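Each of the two complexes below includes subunit A, the first together with subunit B, the second together with subunit C.
Our next item is the complex of A and B:
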């Protein structure tokens, strides 16, 4: 990037919701299905059909609004956005133009070790269009209307983002939040999260915004990053050479990595928005909102803070464990049984997550249950078993006999450590007797050999000597030499 | 016009119960009437076999399980070509929908059928219910049975003539700006437009969604009241269908006190109001006063704004509602279309009639960027003012009286070249749609010069159908 410029970015994020039925009719709203099988007279826009709002759609909007700290508008209205396209059966999209369901709010994003607040302008309810497929037949387009009428939320941000990296962080945070709220899988590849990006540039220190261009329909983060970086560069080059940026709607071509105008401001569609006469204003009562508030799951940002502040985890571990709600909730449950949160985090990250990824299973179905894991963590914390013995020897045995108590199994495997003085002194004597040469070197001042003696001691004890006690006793013995 | 052989459902049911008439005979009679009135071009499709089969099944049920017969046993009705009847063609009198069969029936129709009404056929109308003369139809104009050289009014012209010409006992129409009441007046029958949201619009092809209501044309108030009672009520397929409880409209209670009726000086002294219609209005006012009711003139300063406001709002909504007729999924597709744009342009240009295209363009214009505030927003403001004015009037009055139209039925072709003149024919009816209140057109006699039917309309506050129908019924029952 040319020095002295700042990129200003605002987003319009479309989130496709996982409600059972469509936004304004009872059709199955799930992804997939043979083309044009999840349709009805209503979603096909047949004459005489009318929309009926979906309560779940509204509830999801409120849930997201509460999670983002939005103002939930008790009265919102539906509008029609009119345009002709083959995958838009009614010739208009039902959306909320003038009075959206949520206003204001913010989403925190993490960049490095810092947190940035990205303000939300509003969230509105709308329905999706169908899908046009242009690349399967040489002389025709195919239309699949399974998606027509699927519920969407559009989240419109303020122009608070400053780089592709921040956009990436925002989209990740939004996806994480949607998954925590269980309103959408936020999967960009399947199109359940899409974004339009508004990009402008200005000189650093300038307060007014530059002319913005909107890049439409970016369906992966990789494309979004490339599109933003290309577009910012293009605009800076224009400004640098004394030209002006024209307000255009742009298309990003992933093949060439460039943006090109889809339509200019003059050619912009006139959507002829007007209030949808088929839908009375959406009126919410506070009891409805409060019932949603009372059932809110923990939110990713709260969970992250709890992991770092309360459990003392590193930022990295906290982010890893907070990424998915099921993992986070499992980890929180584990930590309710054990005070050894850092060891618990290591256990989950190193042992449980790989198992889960391999088996595509929920952590709660891990063979070794929470009580046994808690007991194991306690054995380690109490120095009753060494970390290495615990994970290298006891763990495989536990996996074979997951019903066994770790303590009993460690006992029967003779893995428990001891701080028994006689046992340790006998070992020390054995080590010193076996290495007279090293002992004399130590006497002459080669103090570094202490580590060697300790290693020998632990080897002889087969990991059973409590290292703390053993170190103390060895030191005492060596000093007395 | 000869007096109807079967003048009311109550009378038909009496004959059926006494055994002097069976349903099959009744339907056969109406089929004969339909055949005898073909020159009026009322029906675009007659469900002869189906209606006879249903009639025979009802006759069997009368013998075997008379208690199972519905409240509309004996009701033979015709439906306007904008009301969906599952698996039966529906076209809205437009080339663009030729051959289209709906996958479901309108909620209102479902409810009629569940009470054993028989649908005898689908009747003509103005294309997409846009018109005041029934001349804008791909099937050609319907003629007034009182004078076949004259229009029956519109857009539910054929629904009115179907009843007028005794081809059925009642007919369903739709009323967006007077489309039930004006033809009722032109044809000398009763025409009821209920409150907005009283009857579900599910299955009614939309014209102006915030104004549309299914209405009833009948020989008398009682039949309209019972039909309304059966069709009214909330519906899981229409968010604008009201959940206000459905009263026993068919009880037709006489007013329990003198009613207060308002009329507008601006209306009855309007220069465009026909003299004969005016004098029948004042006769009717006298009749109400003689029955002990109070009738009083009140100002209505918005009369000149009703037509412009109505035509802005109705066409705006229509321009969007009719976008779905695009040649892609159903209906007419131009054989000369070669890509997406030409499919839209040619299919719509060739499929829609002239008046429909005029209204789509008008509607798209008033919603377009830069004009929205000057037209659509302004019209909404006027609508609000008129609404508030009527609310205030109904604080003091039970009903408002108006003519249903400025004059009587005009000659075919007389106004077809002058759309503004045609639009002005709706001047007294659009108000009830803008306000969302019920209104009923009542036949009050014939014009002193032409002998053509004249109708007046009574309006009541929203969801006051019970009082309105009771009042109208008892007024007409008086000699």
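Our next item is the complex of A and C:
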């Protein structure tokens, strides 16, 4: 990219919600289904039908708004966005143009070790269109209206993002938040999260924004990255050669990796928004909002901060454990039983998460329960068992007999370490007696041999000597030689 | 604001309606009359009046999030001019 330019990006993120029924009628809103089986007179746009908003749709909007620190507007209104397309049966989409349900707010994103605040302009309620199938028939398109009317939230950001990397971080944070809030799976591949990207460029230090282009309907982060990078490059080249960027709606072609205008200016969409006469304003009372606030789950950012600040985990481990709510909550529960948070983090990351991925199961159904895990961590912390004996020998045995107490099992397997002085001194004497040559080298000043003696000692003890005590006692003995 | 023929053509295109000359003149006349009415209303002082989006009920009722009766594909497609594979069949237009 040419030096001296800055890319300015704003997003419109569409989140498809996991309510049971659709936004304005009672059709099944879940993903899939045989074509046109989740439709009714309302979603088909038949004359004489009336829409009625879904309480859960409204509640989800409030939940997301509260999580992002938005102002929740007690009065919001519904508008019609008019355009003709075969998968839009009514000829308009119900949306909120003038008075959206949430205004303001921000989402924190992590870039490297820093945090950036991306301001939210507003969140509004709207409904999805149906699905067009273009590749089934050579001369016609097929329309499946199962998705028509499925509830969406559109999150519109301020132009606060500066790179494809930041867009990626924003989308990941939004998906994580949606999952924590249990309002959407945020799955871009299945289309439950999509984004339109507004891109402009300006010279560094310039305060006004350049003319922006909107890239529509990006349904994967990989495409979004490529589209943004290509488009920024295209605009910079135009400016560099003295031309102007024309405001346009663009389509990104993943095959060629290029953007191209969707429609020329003369045909530019004129959506003729106007208040929907079928829908009176949406009026919320504070009790409704407060009841949602009182049931808010912990949020990913809070969890991440708790893991780094309170539990002392590395940024990497904290991010890994905070990625999913169920894992985060399990880990928090574990840490309520043990003070050894870092060892607990390693245990969950190295032993439990692989099991969960393999078995597609919740961590709470892991065969070894929380009390036994807590006990195991305590045994290690107390130097009663070495880390390697704990995970290489005791752990497999525990998996076979998950009901056993780790201490009892370690005892019966003869894995417990000892700091018994007589036992250790006997071992030291044995080691020194077996290697007279090394002992005399040590006396002549080859101090590095201490490690060799220690290794021999641990081998002889079969891992049962407490290394801390043994090191101290060995050192004492060697110094006295 | 004055409605002229160019705007009528544009509206025809946006609404996918095809008018003949007589209809076009009639609509031009009607719409300009409507605008005159609006102009008159614009002369009122509404400084302290909140914008009104809806004239009737105070607020919308809300539905509980429950799945209700749905149409079968046969019912859904009964009035469709063309159908195939339980889908509505439409001219191929690729525009996103």
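Note that in this section the second predicted complex is superposed on the first by the 478 of 481 C-alpha atoms of A that agree within 3 Å, B and C clash if a C-alpha of one lies under 4 Å from a C-alpha of the other, contacts with A are read in each partner's own complex, and residues count from 1 in each chain.
Basically, a residue touches a chain if its C-beta (ideal position, glycine included) is under 8 Å from a C-beta of that chain, and two chains touch if they have at least 3 such contacts.
Just so we're clear, the structure is a prediction, and the values are computed from it rather than from any experiment.
Student: Check whether A:217 is in contact with subunit B, with subunit C, with both or with neither, and answer first, second, both or neither.
Tutor: second
Student: On the A-aligned overlay, A:203 touches which partner chain: subunit B = first, subunit C = second, or both, or neither?
Tutor: Once the two structures are laid over each other on A, A:203 reaches no partner at all.
Student: Of the two partners subunit B and subunit C, indicate the one touching more residues belonging to subunit A.
Tutor: C
Student: Figure out whether A:270 sits in contact with subunit B (first) or subunit C (second), or with both, or with neither.
Tutor: both
Student: Mind working out whether A:53 is in touch with subunit B, subunit C, both or neither, as first, second, both or neither?
Tutor: both
Student: Look at A:459 in the shared chain and tell me whether it touches subunit B only, subunit C only, both, or neither; answer first, second, both or neither.
Tutor: Neither partner.
Student: Applying the document's definition of touch, where does A:86 land relative to subunit B and subunit C: first, second, both, or neither?
Tutor: After superposing on A, A:86 lies in contact with both subunit B and subunit C.
Student: Once the shared chain is lined up, is A:45 touching subunit B (first), subunit C (second), both, or neither of them?
Tutor: First partner only.
Student: Check subunit A for residues that touch subunit B in one structure and subunit C in the other, and list them.
Tutor: 40-41, 44, 52-53, 82, 84, 86, 141, 143, 270, 272, 277, 279-280
Student: Of all residues in subunit C, which touch subunit A in the complex?
Tutor: So the residues of subunit C in touch with subunit A come to 14, 16, 53-54, 56-73, 76-77, 82, 84-96.
Student: Help me check something: in the complex, which residues belonging to subunit A touch subunit B?
Tutor: It comes out as residues 40-41, 44-53, 80, 82, 84, 86, 89-92, 141, 143, 270, 272-274, 277-280.
Student: Which subunit A residues qualify as touching subunit C in the complex?
Tutor: Residues 19-21, 25-29, 34-41, 44, 52-58, 77-78, 82, 84-86, 98-99, 133-134, 136-137, 139-145, 216-217, 251, 262-263, 270, 272, 275, 277, 279-283 of subunit A touch subunit C in their complex.
Student: Which residues of subunit B touch subunit A in their complex?
Tutor: Residues in contact with subunit A: 83-84, 90, 92, 97, 100, 102-104, 106, 201-206, 208-210, 236-240, 316-317, 319-320, 322-326, 328-330, 340, 344, 364, 367-369, 372, 376.
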